[in-house]
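As written, the chains take the letters A, B, C and D, and residue 1 is the first residue of each chain.
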């Protein structure tokens, strides 16, 4: 266990964390402001990844793929809200679970029909597939570093947008008291739709950035969806700041736990026990973390209301 | 010799941020009396009821029921200690019939709610107990109606019946006349009147005709503080009350 | 400005208003009085489109189109100061004001903007960075009025704007409303303070059990024997 | 489909919920007779799956339908029940009765822990937390290499007392007995003082508190009972499948259970079983139907099933059965109007 390895894994954790945040940011607003259980948010990740991969293949240019995928995901979120989601706001949570579960099945199957069940792999262009020395003799993939940078920039942009702009203040007012917000002349239906589309867009950005790092395949969004739900519960539903902090924590705990937990256990237990329990414990770590947070703070670390 | 009070509030304080909802408030309710709590909206009446009931925790001060310190007890524990409550907005079991509401209250009173075998709604003993509960407010003839189909005033009656079910020593009534028509209000007044002497009542009500008719004593609350307390005659002559409540300031 | 013709409304199956008619002419201050539970706030909520109109007609600034949404009604030029103030607790004072700014409808009236609202309520200027839930009741009330003024309304509606406040704060609020009236602001106000409202308003309506049982000017209000005791008193 | 339509009519005609339940249970007892004479042995297998999913859904329905707790993690209990068989056999313990008792015990204890933690929250938090706990267990078994990890482990149909479950129909009737027992248990619970209070908590928790009862006690108890029932279903599922892998507790299965309940009719005794029938028939016939139209895409039947779920939520308040019923009825009705 060297310093290099630790540093590298911390960066991997950060990269996982910021990606998770992009998925969780929109979702926490959808859950918190609209009180809407939107399980198909993972499908937006998938749509973003496929859009980027398909456009990259068609145009042969990775950056065009990334650039064009953004409006595609925004439009898909906008249309989804307009056609289906807005009819579900007044329904109870269980019906929302059922309908958005149906959406997941539909999107996964549609992608399977359109692109086949096999995973798509997209190669990174030469220009960004190299390594950067983050410390002397500690090379780190440039692309992952870029993902971290873009994720942090997005996080900063979201933070500034929500806390500094007038529309951001409208969003927060809408979260606090939608009826009063409307009575002051704000069209909260449009506001909700834009939040929804923006959330979809952010999830899409996460998907397209993950494309070259993982396999792009039907259902790829669901593990991220579940993890981002954990993030939202830890951070407090409806809080963007909470989502960011929780996402980084979850990203680091998950990544570092998987790498280092078995060796840490080996310090205390016999090798066989440690090797058996290590991976199991590591994969449960974020859920254990969530349970612990809930025992002490049942509404998460930074609840948006109250 | 003075009897011991049923409810004894000592120096209660409660604030929400900079908003003082209850300000150093002390108050007693004597056995069998109807004690009305009046004051403008936002004066902290419901907040006070919530603290007695246990849904809100006072920042400081103590609450005694029959000499027992309730501070720190949960809502169900306070109910079992002898508090009954009706809510501002009808709080009854809407998906059940009137009789079923009574049966659920009766089995709770008997401490039998944790039984798994015999059907509850066809149990003769429970039906008998529930009928007695409903009879007190004159709802027996509507026992088999679903609560959802009940007139608003009857729902208020059922609410009162449920609050009375466990024979509490203190009844908290939060605007029992709210939303009732004139006839319903009259009926409710008569039923509360009939309870006088059997149970101590702390009553919040805006219908002043009803308050003047029912209350043995009045406490006037403004901005969380008691500004006057006394009999109906004393309060209705009180200049401070007039200016604070009617707002006839110059 | 605002005309209600025989409106009926309520919550679900429970009807609250049984044919209420009233008018607010331009530049006038009109009051709506009555005890709690008589339908005052229900009338306001129906005017704002927050409750459906089941019968009758509402004309807002000559626009009588039914089924408008609350935000559309607000944009026609109604500024609401709601019962219970309803300040956004997670926004600071500045955000509570600036977020809802809309320019005036025509250049005739006065123009309310952030600085001018702070001039009107110097207390708010001192607390401009405080979150809404860290304000006292009086400050919240001032903020609610300021917030409604920021929309540059043609008609300002105040629902119990002095309720539950200390007398000195109430006096400030009344002075502020008098100043607004002097500028020609049209106002519909609900309050229980008969004397203060008789000084401010030109015309009064008294609601009892969902019906207008009396209306008239201030002189008549104060002169009519037993009116306040019957419909308004303790 | 006409059969289901007929049942819906029976309900309308005043056949009570519990009567419908017992008719269905009796139907499953007689079903092997039908498959024997019609020479359709494959359908016994389908019927076993329906009964197993039905039992699990009935267990979930106690908290979901009667208690109003939207648990999105009940597949975990099915999985734990199934792994109780696998792991017992791994250590050489092969008695089926022991497996059942073990899984009921383990699921009860686990239900107590998860229920206690999850029920501190409400609303969306509760949904998400139950889901997260199920995921925790899912990943636990994915990473337990000694018990097969991702690949799972195969299972012997264990001896149940002296019955050899490899004999034809033995397992079928063991499952049937479990179904009947669970149906009986739920019928008693739902009508009992406890069940009545649980339903009242769903209707209005604060009124139950105002009666001096602690709602949490009732909720946790029902959560534990429902976990045990799902554990039982999982144990039998493992025997039926002769195999167990983490897949059995994948979060989509929790979704499936919810779908089954809502399709059949939430908060009813017969609903979960009815829903299981509809669900598995859709699973059998949608590919056939799709294959008839577009042979290349028969495997992609989910593309129809997903929108179907959305339609049920948007237009069919009374579950799929209600939807079908309404559609057929209104057509007949319109035709009659036209004749007049």
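Annotations
As a working rule, contacts are C-beta pairs under 8 Å (C-beta built on N, C-alpha and C of every residue); 3 or more make two chains touch, one makes a residue touch a chain.
Source: prediction; values computed, not measured.
The chains that touch chain A as well as chain B are C, D. Of the two chain pairs examined here, A-D and B-C, it is A-D that is joined by more C-beta pairs in contact.
A centroid comparison over C-alpha atoms places D as the chain most distant from chain C. Between the CA-based centres of chain B and chain C the separation comes to 32 Å, rounded to the whole angstrom.
Rounded to a whole number, the gap between the C-alpha centres of chain C and chain D is 55 angstrom. A straight line joining the Cα centres of chain B and chain D is 44 Å long. Arrangement of the chains shown, judged by which pairs touch: one closed cycle in which each chain has exactly two touching partners. Every pair of chains meeting the contact definition is listed here: A-C, A-D, B-C, B-D.
Interface of chain B with chain D (complex): residues 74-77, 79-80, 84-85, 87, 91-96, 100, 103-105, 107-109, 112-121, 162-163, 165-166. If you check the complex, the residues on chain A that touch chain C are 166, 169-170, 172-173, 175-177, 179-188, 304-305. Remark: chain B residues 16-19, 38, 40-43, 152, 178-179, 182, 206-208, 222-223, 236, 241-250 touch chain C in the complex. On the chain C side of its complex with chain B, the touching residues are 14, 35-37, 83-84, 133-137, 139-140, 160, 162-167, 170-171, 191-196, 209, 232-234. Note for the complex: chain D touches chain B at residues 188-189, 191-197, 199-200, 202-204, 206-214, 217-218, 221.
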